[in-house]
Structure formats: structure tokens, C-alpha cells
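The block underneath contains the structure these notes are about, expressed in C-alpha cells.
As written, the chain order gives the labels A, B and C, with residue 1 at the start of each chain.
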Amino acid sequence: MATLEAMPVLDNPWIRFAARRLGRIVVSVWVLITAAFLMIHLVPGDPVRSVLGPTATAEVVAAKRDALGLNDPLGMQYIHYLQGVLSGDLGMALTSNLPVSQVIGQRLPTTATIAVLAFLLAIAVAIPLGVFMGVLTRGGRARRAELTFTSTSVVLGAIPEFLLAVGLVYVFGVSLGWLPVAGRSGPASYVLPVVALAIGPAAVLTRIVRVQMVSVLSADYVRTARAKRLRSAAVYFKHALPNTLTATLTLGGLLLSVMVAGTVLVENVFAWPGLGTTMISSILARDYPVVQAIVLVYGVGVLLVNLVVDVALAVLDPRSAIRES
Amino acid sequence: MSELRFEAVSVRYGHGRHSMTAVDDVSLTVPSGEIVGLVGESGSGKSTLARAAVGLTPISAGRITLDGRSIDVRSGVRRQLQMVFQDPYLSLNPRMSIGQSIGETMPDRPRSQRSAEVRRLMQLVDLAPERMSQFPAQLSGGQRQRVALARALAGQPDVIIADEITSALDVSVQGTVLNLVRDLQSQLGLSMLFISHNLAVVRYVASQVVVMYRGRIVEHGPTADVLADPQHPYTRELLSA
Amino acid sequence: MKKRWLSVLRTPVGLSAGLLLFVVLALAVVAPLLWSGRADHVDTNVMLEGASARHWVGTDDLGRDLFFRVLVATRLSIQLALVATLIAVVVGLALGTLPALVGPRLGRFAVAVVNVAVAFPGLLLALFFAVIFGVGAHGAVLAIGLASAPSFARLTQTLVAGVISLDYVAAARSAGIGRFRVLLRHVLPNIAEPLVVNATIGAGGSLLAFAGLSFLGLGVQAPQYDWGRLLGDGLASIYVSPAAALAPGVAVVVAGLAFNLFGEAVAKGFGLTTQLGRLPEAPSAPADVPELDTEHVLDVQSLSVTLPGGLRPVRDVSLRIRRGEAVGVVGESGSGKSLTALAIAQLIEEPVQVTASRLRFRGTDLLTGSHRRLLGTSLAMVFQDPMTAFNPVRRIGAQLAEGAREHDGLTRKAAYARAVDRLRSVRIREPERRAGQYPHEFSGGMRQRALIGMGMMGKPALIIADEPTTALDVTVQAQILQLLQEIRLADEVALLLISHDVTVVRAICDRVLVMYAGRIVEDVSSLDRARHPYTRALVAAVPTMETSLDEPLAVIPGRMPDLADVSVGCAFAARCPLADDHCRQVEPSLETSPDGSRVACWHANDLALTTRGS
């Protein structure tokens, strides 16, 4: 430790921050890979037998096990798995006999697209609406508006996305017939999945922005700003809004990872050809190499979101420890 | 009552380059039956010293003894030192009645004796014993601080450490707590380390004054002498303020 | 405790959520007993029919009535959700309280495990565990329970850490009470409510998550059925019979919301503080309003502040401040002195009401119209806590400069230059460098100087300082007071200094106003000449370097009445050694004496005025 600290480059707090953060993500990814590896060994029964079905002969099963390397010692398998993952080789799908990496490559972009679109939609709705409601209801004003807003957002935030999706399918697909309800076919088919994914997080985020705004507006430094007799807009946007950033960003990141997970259900409602539908069909078909890989992809996605939020917080917040000195 | 002694005590936070010395080689004695006033500004280390004595903060060098015996955090000796905190709105568990709070620190004894002892202690701090089933929320700040004192006394301590016990109180009730401290001292012969930032308050209750500045003791002596003829510039500044 | 639960049920949201929850739980108990037969009755004549009078939400592919199937599914859905929640709570509590029980090293490990786990959304964890435990109801219960445990553990850890750092836990620990007992007696009771509330909300979450897993085909397997299963089956035929998908969906949402809203209502109900009582309306007649004269910077007549409930923490306050005059306001906490300052500065917002018969600042009537520029340049405010008075995410220089840009139309550069100049004038060293720093890089005393500097950006005629030195060390305190004094004398700036500290006010003020229970009870040039028994008791109660060491300190018995209790008579009567029946019946008005001082006391002229020690 002492020798490390003696090195001048490590005096730079940003580099120390980057090193620490990088260390953490390496550990997290390792935990993730290990969990994915263990998964296949923790499932009840013989995964090969269950995918090939009871009619397969013992020789076929044994050959398949051998091909998958399942007969090697556990430590050996682990090392092979690590090597494979790190070199981008995720093994072969049991049902389709395609390389898993190819399956992922096809499905990942469609899933990522709706997740990112939904996130942008949620942010675009939540921040302006949250600020507006915060200003309107500060210091216990407009109690009725607050009650209406809070109950609506609690209800919307509590309904899971797949139920919203079913409701949207019924209203816009079945009753009104405006929008396609299944599959991916042109821009219109994106609307319902994206909206279904965005509503809940948007409601939660709006609520948080409002609560943050209300509490910041009662802070001493806002009183100071008002004592300077600034225009209200300057008080709200220059003094209050930046102070809600930390909470908004932290929660926004959390919501983005929740959204990533939410795609699993929403894709299954809309028969969307993404990772989520593939994952569920693979679980039901006991195609464990594919499941393993998708768990890994989702997990890495979540870790990346967390990393981006952490870095953004460090860069944007002047109080963050690494900016001192 | 007995003698509390700090021998070359240091408290450091953090490690390596980022460490900070809050208390630096402090030696100090609270003689039996006396009140020693400890003054200093925020960050001078006076509260850290107090927390170290009752085992809330580990010390990094030196030792703290009670009648010559080292205070081991894990042994029962700690009960013989009781602390009263600054803010009586924070230092009483809101979910426990006054009687329960006072009774908790008592050494084991039968239930009937325990209740009688709680009553006696409440009378000692000028609280009506009928209030023992009330909760802290029903008391004023001054009354709460008296409960905190009673709770400290319940542990039958050899020494009491009082950390800024009047600074969260309004002036009109500050006096009641200070009077109580003086009464208890004369009645029970209490030994006490009385921490305050206010020299006038310390002058009123303490027979000796210790001035801390940046983790070190810069002045120490009988109260009257220190106030009449301060040696250290910081003490002089305090007196002129 | 019971009262609070009842009060939750008295709110509209709490009552409807409670009723809803009751209905859901009741259905879970009775529905399978009453309607199992009808739910399982196969009728191949009516397979996959839409909603009709006979089958309210249609039938499934075996012709079974879906309405009754949805009702009967209540039990399994709720049961599974509750078991999953129980698992989450038990595992979460164990993980969450571990850091408080074991040593710091193991504690850090528990925290780290939870931190890694909460980074992943519950649904992903649930899917992961569902794969491991296998498809089916048992696997899904374990999966959802374990997946929700980390967030519950995190909550527990946070709550425990919050309580364990409080003084009463420190007091218990320093008294030698063991870790386990501290956790049991001091920590858990104080976090029980948020835990129960979150477990309730968590049960709603488990219900929804379970519906999700069953919908995906990973949860309950045929022939068993829960809402998620029915929803998944119904979705396939949504064009033929939409009700088949919608009915279980509605059931899930209603039940989930029942848990959720009930939890939220309880949380909200427990967060509420005591209710404010109502004060009988007291007339605030403007007694006599003297003519306005221009030598006064500030002229306030009959100022009152009214809270939404009708309580009035400031009543009928009148005061005038001359150019360059230093006026102190003293009083105990709750006397209304800070609110008076904020009301004068026009910094009180709706729904709190400020009324006055006159409020003039430099000859301008503040009661009508907006006077942003006048107040922004001529009135400076200094607040109590310099740690929180600056915006933490903006640089000091910019915060000083923005007022001058707003009101004096200065360019960014000119305003910044003035900010640096003002920082220098309040004796901040290296003002150029300091102006570029953030508030957290300043010490408390320096921030208070910078705040005063901010007030000096315009050309102030009045500085209102609300407890400007209370949060500072004694020696720093003296420097700040000296700085205020110098500014005042240099530019004939008037000062309204609010403080609970009699010695501070005594040190620099020309005149002192004493407030008690929302009113001015005395206005006197020197505290030594005070005639009101409260003022005299207040002065006597403060120990000084001259206080006799042989006598007990003077004290004021009792406490200031709560706002709601201020009714008839003199508010101080209950604590006053001179009080008689007249005092308790009739409130004395603030009378002006020939020497210009004012006092509100029936006994102000009694010669044998003494304060009593106890």
C-alpha cells in the first residue's frame, strides 16, 4: 500500500477512483460468471438428459455430455468456461445447435432498443412533470393536486409492466385496432412495448423528482437564494434542480436496470423477438447454455448501467469525495 | 466515588497518510469527588476524549484507568463510568418509558427494589416519581436531561462524564440542570468530567479547568486561577470573547 | 401505538386500502370453500366462450367458468406471495442485522454481499433462482423470496445503521449493555414500523412477481392455477375473449395495490406529527399608528403570522428601526423571533399567512406589489447555519455574483469582480481563489463571513441576522459579531439581530426587544433597565463570569406555553412570581413609557420587583 501511494500517478484522485471502480466491476463480473457457471450444476437432474428427452439412448446422452465437457472435473470445466466467456465463446445451444454467441448477437439489439427508448421516454416525462409538481406542491400547498398526483403515480408505479402491457394490448390492439400487438414489424410495433416499459418507471421517477424538489425548496440555501430576490425561475432551475440530481440519477440508474429486467416480461406479452422471449423459451426447453449466456448478458448490462451512474455522479457532484484536493 | 485518569491517551482516525489525530497525548486526572471542567472549540477533541472513556471510540495509544485499574472495554468496569449526552431529544429511547430507561442501567436486583430505586433517583433529580411511566415525548428538554442524569446515576457509576449537557437547552432551563449538577456533587460527592464550550458555565460547576486546543491540553489548573490569570493565548481569547 | 393504526384507517386512502385488503384476504379464505366445484366443472359444450350472462368472464379451453376460477385462484396467489415474503423478511432481517451483531469485519462482508445482490433487479434474481430451483410453484416461491431478500436486508441495514448511531444507543452501549440486548430493546423497536410497512408493500410486490413468473410459465403448473397462470392462458385468446385475460389481470392489480396502498397509507400515517389545535380568533386591532417618519429604515405595525391551522406563532408585533440602529430580539425557542424576521423580509410563503397594518422598508410599502430590486439590494439576510445556507453544488463566487447580475445588471465579469471584492472586505484571505471554491471547502466561520459578504453585494440599509453566531465556536462568534459591528458603523447600516443568547445581544445592540409566546413583551434600551419579570429572569438565568458561586443559579420554573395553549391573560403568568388573578384574566398590552421604552406587564411599575431562584 505504502509503495503504491508513493507513486505520483496514484495521487490523482480520479485515477484512484477509476482503479477502485474498475476493481469493483471486475469482481462483480467474476461473481456473475461464476454464478452462471454454477447454475448449470445446481439445476435438478441431468441437464443433458432433460433436453434430449427420455427416449434418447444412454450412448447419445453420454456423447453429448462429453461434447459439452460435462464429464471433466469441475475445476477443469470452470477454467474452460472462464476461458470461453472471456474469448466470446459461449458454447453451443442444445436445441438449435447454433453458437450461443450468434443467438445473443441476433436478439440483443432488439431488446436494447426498446429498453433505451423506454428509458428516454421515462426521463423526458418524469423530470419536467416532477419539477412542475414539486413547485406546485411545495411547503404543503395545493394539497388536493398533491393527493391526486401521488395516488395516480403510486397506482401506475405499482402495476407491473406486463399487466400494463396486457391492458395496452386490449385497448390499442384489440378494441381500437390502432397498433400491432405482436412481433416486430416497422416503427409502429415499437410503440406499445416501449410505452408499457416506460409507464411504471416514469411514475416512480416523477414522484421522486417531486419529493426531492419539495425538500430542496425548503432547504436553507433556497431561502438564501430567495433572500437575494432572484426570479423564481432562477431559484427553481439554478438552485433547486441541480440539487435533486444525485437522487434522480441514482434512482434513474436503478430504474434503467429494472427496465432491462422488465423487458423479459414485456417481450413475452408482445412476442417480441428479443433476449427475454429467447430466455423463457430456453428455460422451458432446458437449453441451459443459452440461459446461462442470457443471464450473463443481463447481468453485465445491469453492471454497466450502475457503472455509468457512479461515474456520472462523481463527475457531476462537486461534493463527491474524489473532487476534493 | 473514585479517580479517573487519562494517561498519555491518543485517538487517531483513519490510516496512513489520511489519518487524523483527534486527541494527542492527553494526560488528565479527575480526582475523587471533584468536577473537572473541560473546555475547547468544536474539533478540539474534547468530545472524542469523552467517548473514548466510555468505550464508544477506541484509543490508539495510552491508557485510561479508574482507581489505578485499566478500563477494559469488554469488562464490566465500563458500567462504572456513565455518560450524559448533549441533546436530550436524541439520547433517550423514544420507545422506552422513563422508568425503563433509568432502570436499564441498574445492576441486577429484584423487581421491587428496582422500582423503589427508580423512584429514589427520580426524586433525587427533582422529578415526580409518578412520571416514571411517561415517555420522553411528554417531557420538556430540561426534564429529559434530568432523566438522562438519573439514568447515569442508576448505574452507580464512579465517575460521570457530561458532554455539553446544557448547550441544547434554553437559558431558562439551563439553570435547573446546572443547579442539579452542583447539588448532586455536594450530596453524593460525585466525580465528574464536565465538558462545555461555555467558560461561564464551567466556572459555575467545576473546581478545576482543562483547556483543550487542537487535540492537546494547553492549560490546566484550579478554575479560579485559570480564569484570573490565563497563560495560553487560546484561553485568553476564550475569556475575552 | 393502537391509536396511530386507527388514525391510519380514518384517512380515506387508508380506509379504502384496508377494506380492499380485507376483502382480498377474506376471498382467499372462503373462495375455494364455496366455489371450487364450479371452478373445476368441465363443460365441453361451452369451450373458449366469451363473456356472457351465464359465464361472466367466459370459459377456458375445457369450458370451465373463468369467473369462479379467478376467485378460487385468490387463495393460491395470496398464499404463495405471503410465503415468499416471509422468506424474504427472515433472510433479509438476518442479513440486515448481522453487521450490528458481529464484529466490523464480518459486518462489512455482510454489507458487501447485500450490495452486490441489490445491484441486480429482483426479477433477474428471481429468474436466476427459478432456473436453479426448477420450474414450478415451490421453486418460484423460493426464487421470489430469495430475490426480494437483498433489498429488505439493505433496508434493515440502513435503518439499523441510522438508529445505532443515535445518542440513546450510544448511551446504552456506554452503560455496558450488550450488543444483542441493544439490538432487541433499542434498535428493533425503533425500526419495526418501517420494516412492517415495507414487508406489507413487499407482499404486494411478491404477488405481482409471482403473477409474472406464472405468466411466463415458470411458476404454478397445471392443473394448479393462480392468477398469473390464468392470465398467461387468457392472453393467447385475447382476440376471442378479452375478458379471459383481463379478469385475472385486474385481480392481480387490485390485490397488489391493496397491499401496496395499505403499506403506503400506514407509512404516511406514522410519519405525521401531532395535529395542530385551533386558536380562538383574537382581534389584532391596530392600536395607535404613529405618523411615518423618514429616519426609520423599517416600520412594522401589528405584524402577525398565521399557520394554516389557525395558530398564530407571531401576534401583533410592532417595531421601528432607525438608520444605523442595532436592534436585538431575544427570546426562547418557540417565541416567534425567527418567524418575525422572515415575515419582515417577506420570505414567508403560502400557506402561512403574514398580516400587518403597516410594513414599510425605506419608505416603501412592502404589503402591496413586489419589491424584488429594493429588497435584493437594500436588505441583507444572514442565517443561523452557515453550513446549509449556501447551495452545495455551486461555487461561492457565482452565488455572491448572481444577485448583482440580477438587480444591478452587471456583466458576469463585473459581478464576479465585485464578489471577490466583497469577500476581501469581509476579510477572507485569498478571495480570488476562494471565490472559485465550493461551500464545503469553507469552514463554518468563513461561510458566515461569505454570507455577510453576499449581503454586502448591494447597498444594504438593513441587515437581518437570525442567530448568526449560534452554530459557531465562541472565538469565531466574537469575530463575526465584530465584523457586523464594523459594517454597521462604516455605512450606517441598521441591524436586526435575532438571538437566544442574551450576552450576544447585550454586546452590540442599541435596543433590545424581548419576545415571549409570539409577542413583544418588552422593548428597552438596555437589559439592565428591564422591567418585565420575564426579561429580568432571563438575564438572571444566564451564568456570567461574575455570577455568585455560593448561590444557586436563578431559574424560570415551568415552560413556555404551547401555541395552542395561549389563550387568555398574560402568557407568562404561569411562570411569573408576581402574577395575580388579573394577570391570568387579562392580557396586558404593550405600553409606551415617557422614555420611549415599551413593556407589556401589569406589574411593570412595581418597585419591589424580584426574581426568584428555586
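Assume contacts are C-beta pairs under 8 Å (C-beta built on N, C-alpha and C of every residue); 3 or more make two chains touch, one makes a residue touch a chain.
Bear in mind the structure is a predicted one, so any value in this text is a computation, not a measurement.
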Fill in the blank from the handout: Of all chains shown, smallest offset between own Cα centre and global Cα centre goes to C
Fill in the blank from the handout: By C-beta contact count, B-C versus A-C, the higher one is A-C
Practice task
Please identify which chain has its centre, taken as the mean of its CA atoms, farthest from the centre of subunit A.
Solution key: B
Handout entry: Centre-to-centre distance between subunit B and subunit A (centres being mean Cα positions), rounded to whole Å
Key = 52
Exercise for the section: Give, as an integer number of Å, the spacing between the C-alpha centres of subunit C and subunit B. Expected result: 31
Fill in the blank from the handout: Note: subunit A residues in touch with at least two other chains are none
Handout entry: Residue ranges of subunit A touching subunit C (in the complex, touch as defined)
Key = 28, 31, 35, 39, 42-44, 138-141, 151, 154-155, 158-160, 162-163, 166-167, 169-170, 174-175, 219-231, 234, 238-239, 242-243, 245, 257-258, 260-262, 264-265, 268-269, 279-280, 283-284, 288, 291, 295, 298-299, 302-303, 306, 317-319, 324
Completion exercise
Listed in rising order, subunit C residues that touch subunit B in their complex are 166-177, 185-186, 189-190, 332-333, 473-478, 500-502, 537-538, 541-545, 547, 549, 552-556, 559, 614
Problem - subunit A partner contacts - residues on subunit C that touch it in the complex - result: 13, 116, 119-124, 127-128, 130-135, 204, 208-209, 211-212, 215-218, 231, 235, 238-239, 242, 245-246, 249, 252-253, 256-257, 260-261, 264, 308, 345, 347, 349-352, 372-373, 375-376, 379, 381, 383, 385, 388-394, 399, 402-403, 406-407, 438, 440-441, 451, 454
Completion exercise
So, in the complex, the side of subunit B touching subunit C is made of residues 41-42, 51, 54-56, 76, 78-79, 81-83, 85-87, 90-96, 104-105, 140, 142, 148, 151-152, 155, 170-176, 178-179, 182, 197-201, 203-204, 227, 234, 237-241
